[in-house]
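Read through the structures below before going on.
Two complexes, one shared chain (chain A), two partners (chain B, chain C).
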Partner chain A sequence: MNFLTIFARNLKQGPQTEAFPLGPAFTPDRLRGRIEFKAESCEGCRICERVCPANAIRFAKTPDGMTFDCWHNTCVFCGNCEFYCPTDAIHQTNDWDLSHVNADKFDMVEHGLIPNQTCVDCGATALNTAPMVKNAKPPLSTEEVAEVRARCPKCRAKYLKNRKVPA
Partner chain B sequence: MSTHNVPETFSIPVGPLHVALEEPMYFKIDVQGETVSHIDINAGHAHRGIEYLTTKRTMYQNVVLTERICSLCSNSHPQTFAMAAEKIAGIEVPERGIYLRTVADEMKRVTSHLFNVALLVHLVGYETYFMHMMQVREIGQDMLESIFGNRQDIGAMCIGGVRYDLDDKSIAYIKGALDKIEAETKDIIKTFKTNGSILRRTKGVGVLTHADAITCGVVGPVARASGVDYDVRREAPYAAYDRLPLVVHSLTDGDVWSRAMVRLEEILTSINLLRVCLRDLPGGPVNINDRPDIPPGQAVTRSEAPRGEVIYYLRTNDTPQPERVKWRVPTFMNWDSLRFMLQDAKIADIAMIVNSIDPCLSCTER
Partner chain C sequence: MGLIPNFKNIATRSPWIYRINAGSCNGCDVEMATTALIPRYDIERLGCQYCGSPKHADIVLISGPLTVRVKDAVLRMYEEIPDPKVTVAVGVCPISGGIFRESYAVLAPIDQYIPIDVNVPGCPPRPQAIIAGVAKAIAIWRERL
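So, the complex of A and B:
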């Protein structure tokens, strides 16, 4: 009896399997898939590189700045990088379709560049990273963040120290 | 027909592949006619060197590595590891994190138990019902994927709490999924109690007596099905188990059927625990929102994985990497009991009996 009920229900519902690749596959919003890197929001703290258990993330200094590479064929999609990133610069999208032909295996990389810039104060060459000002009190305005950003680490520290805190 | 040249006993190889779970374990079995007379267990085919690897990874990388020791207990390993690190560093997990740990643990238990019992039905030969049970489990798998972002390695744990949070929408979704699984599990239990094919194949088969269970020191559902009333969640509560209405199920027959029945009953208990957790879920942060260095020290922690008690030993020094991580997994205790269960069993029941301890070689041989 029990079995007949299941049978009738399944007959009515049709196949439970997904039609993929002919149709869409079940993909929840929170699915942890392909890595996305936003160089503009990156503080260059390299925490993600340190916590990545697969050593899939590599930062490298180049003449143009600091490059970010995440090798999707090494990544285990654990989400440690996103979890520990202080700025949400690294994010796991719900794109899980990473199939590719063998010839493309070295291109399965999320690449980013944090460019060099010239410090507006001292003229030194430094990375244009997002400033680490989350804990600054009172919080910085958008203009202030942009001003901090335009400086090298030393001048950033000086700027923040000399910042006039309204009473 | 002459019987002169036919020896009375044969040795047959079972495994190393495809005994029950496509996990490598090799049995050299002496049979007399159709009856098992002697068993030799040969393990060690799946050594991956993870214990060594843990000493080459930092504590924070190891939370992910330990998760990959076993796919079905993939929440218990990082949780027990994180508990050890927290013990050494004196980290207090926030209240909400404690409840969310329990939620993750119990969700994994539900799907793990459903998987094992479904496989039993497959080995019984009742393929249609196997498909049905896997479909029921799929409700749970979809739930894991929707809440945690992965079907198996749910990545819920971190040192100092959990990595995920629930909002009203996801809580409502989980409740809906649990209602479905609960109704189906009740049906499955009814089927297990009445279906002739299942009863004939599993009742009185692969018996592990209470005394033998004690001798082997078995844990988890294997122990509870032989009347050993032991569950780490009650004996040494961790996470939120000390404030939950936990019911420990135990039976006395110690056969394949009892082991399956203990698991099925535990699914219902887990669903109940999940509901209570979701109802009582306190507010506040889910983790300590920090990545502190773990000071030198050592700790032993344990938890109740779906397969039974898992114990972690962790020793840290002043490097970011642990000096030693060692774990004792439930299958290590349980597989010895196969000698008793398989004794005098029929050849056709071997795979079913092996499956009934819910063997996990990937964690035992790591």
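So, the complex of A and C:
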């Protein structure tokens, strides 16, 4: 009898086999997959480079600014970089299908550039990184953040110090 | 005359897979075993089957960063696989060294020693990713045959 119950259940449920590759694959939302980088929200703190156990992340200074590279073929999808990133500039997508022919080996890289800018106060050349103003009290308005962003690190500190806090 | 293309058509349906462990941590090997052996992923739908001898293989899956100790054995085994063969590097270890990169004990990337056709990055890659890689390998293998 037991055999018949199992048989009936299997008839009702269909096979356990996943449809992939003949159909879409089941992908959990929080699957640890390919790294994605958003240069606009990066603070340039380089913590992700330091905590990466596989040395998959490289920052480099170039005449245009600071470049970011994450090599998908070295990354071990541990999630350390996302965990330590203060601004969520780096994050893990749930994209797992990274298989590629060997000729494309060196194209498997996430690239980003934090461009140089000229400080609006002193005219010095500095990186256009996202400002580190998370702990500022009271929180900065969007315009204030943009103003801080347009300055070099020294002038940013000055700006925040001289900022008039509404009573 | 007509027989030979027929044989070819039949043969291209069923590539046999062989697995070489070039010093892997076993993570990728477990995923490869999962891919092949449990009904949930069932790679035999693609006509593939694992075989026990390199002499029967068509597609070879390599995992691990090629440690110095296993190098000779791996190269000898690779030589035994008849042509045309397609090589798939499973996991980031054979592709770049991954977490073991720049160690004195590993010789990765493995494509310095063995021609690699398809890479499946991941540490380990999930079974679906391995299936996607094997599907790419089968396409390449059909062209070579």
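Here is the rule we use: the second predicted complex is superposed on the first by the 163 of 167 C-alpha atoms of A that agree within 3 Å, B and C clash if a C-alpha of one lies under 4 Å from a C-alpha of the other, contacts with A are read in each partner's own complex, and residues count from 1 in each chain.
Keep in mind that, in the parts below, a residue touches a chain if its C-beta (ideal position, glycine included) is under 8 Å from a C-beta of that chain, and two chains touch if they have at least 3 such contacts.
Treat the numbers as computed from the prediction; the structure is a model and nothing was measured.
Contacts of A:Val76 after superposition on the shared chain: both chain B and chain C are touched. Judged by the touch definition given at the top, the superposed model places A:Ile6 against chain B, while chain C stays out of reach.
In the superposition on chain A, A:Asp97 makes contact with chain C only, not with chain B. In the superposition on chain A, A:Pro53 contacts both chain B and chain C. Of the two partner chains, neither chain B nor chain C is touched by A:Gly14.
In the superposition on chain A, A:Gly23 makes contact with neither chain B nor chain C. When the shared chain is aligned, chain C comes close enough to touch A:Lys105, but chain B does not. In the superposition on chain A, contact is made by A:Tyr84 with chain B only, not with chain C. Common to the chain B and chain C contact sets on chain A are residues 16, 31, 53, 76-78. On the side of chain C, the complex with chain A involves touching residues 39-42, 45-46, 89, 92, 95-99, 101-102, 111, 115-123, 125-126, 128-129, 131-133, 135-136, 140. On the chain A side of its complex with chain B, the touching residues are 2-3, 6, 16, 26, 28-32, 47, 50-53, 76-80, 83-84, 92, 94. Residues 15-18, 20-22, 25, 31, 53-55, 71-78, 96-102, 105, 108 of chain A are the ones that touch chain C when the two sit in their complex.
Those residues of chain B lying in contact with chain A across their complex are 57-58, 60-65, 67-68, 128-129, 132, 135, 138, 142, 145-150, 153, 155, 158, 163, 187, 190-191, 291.
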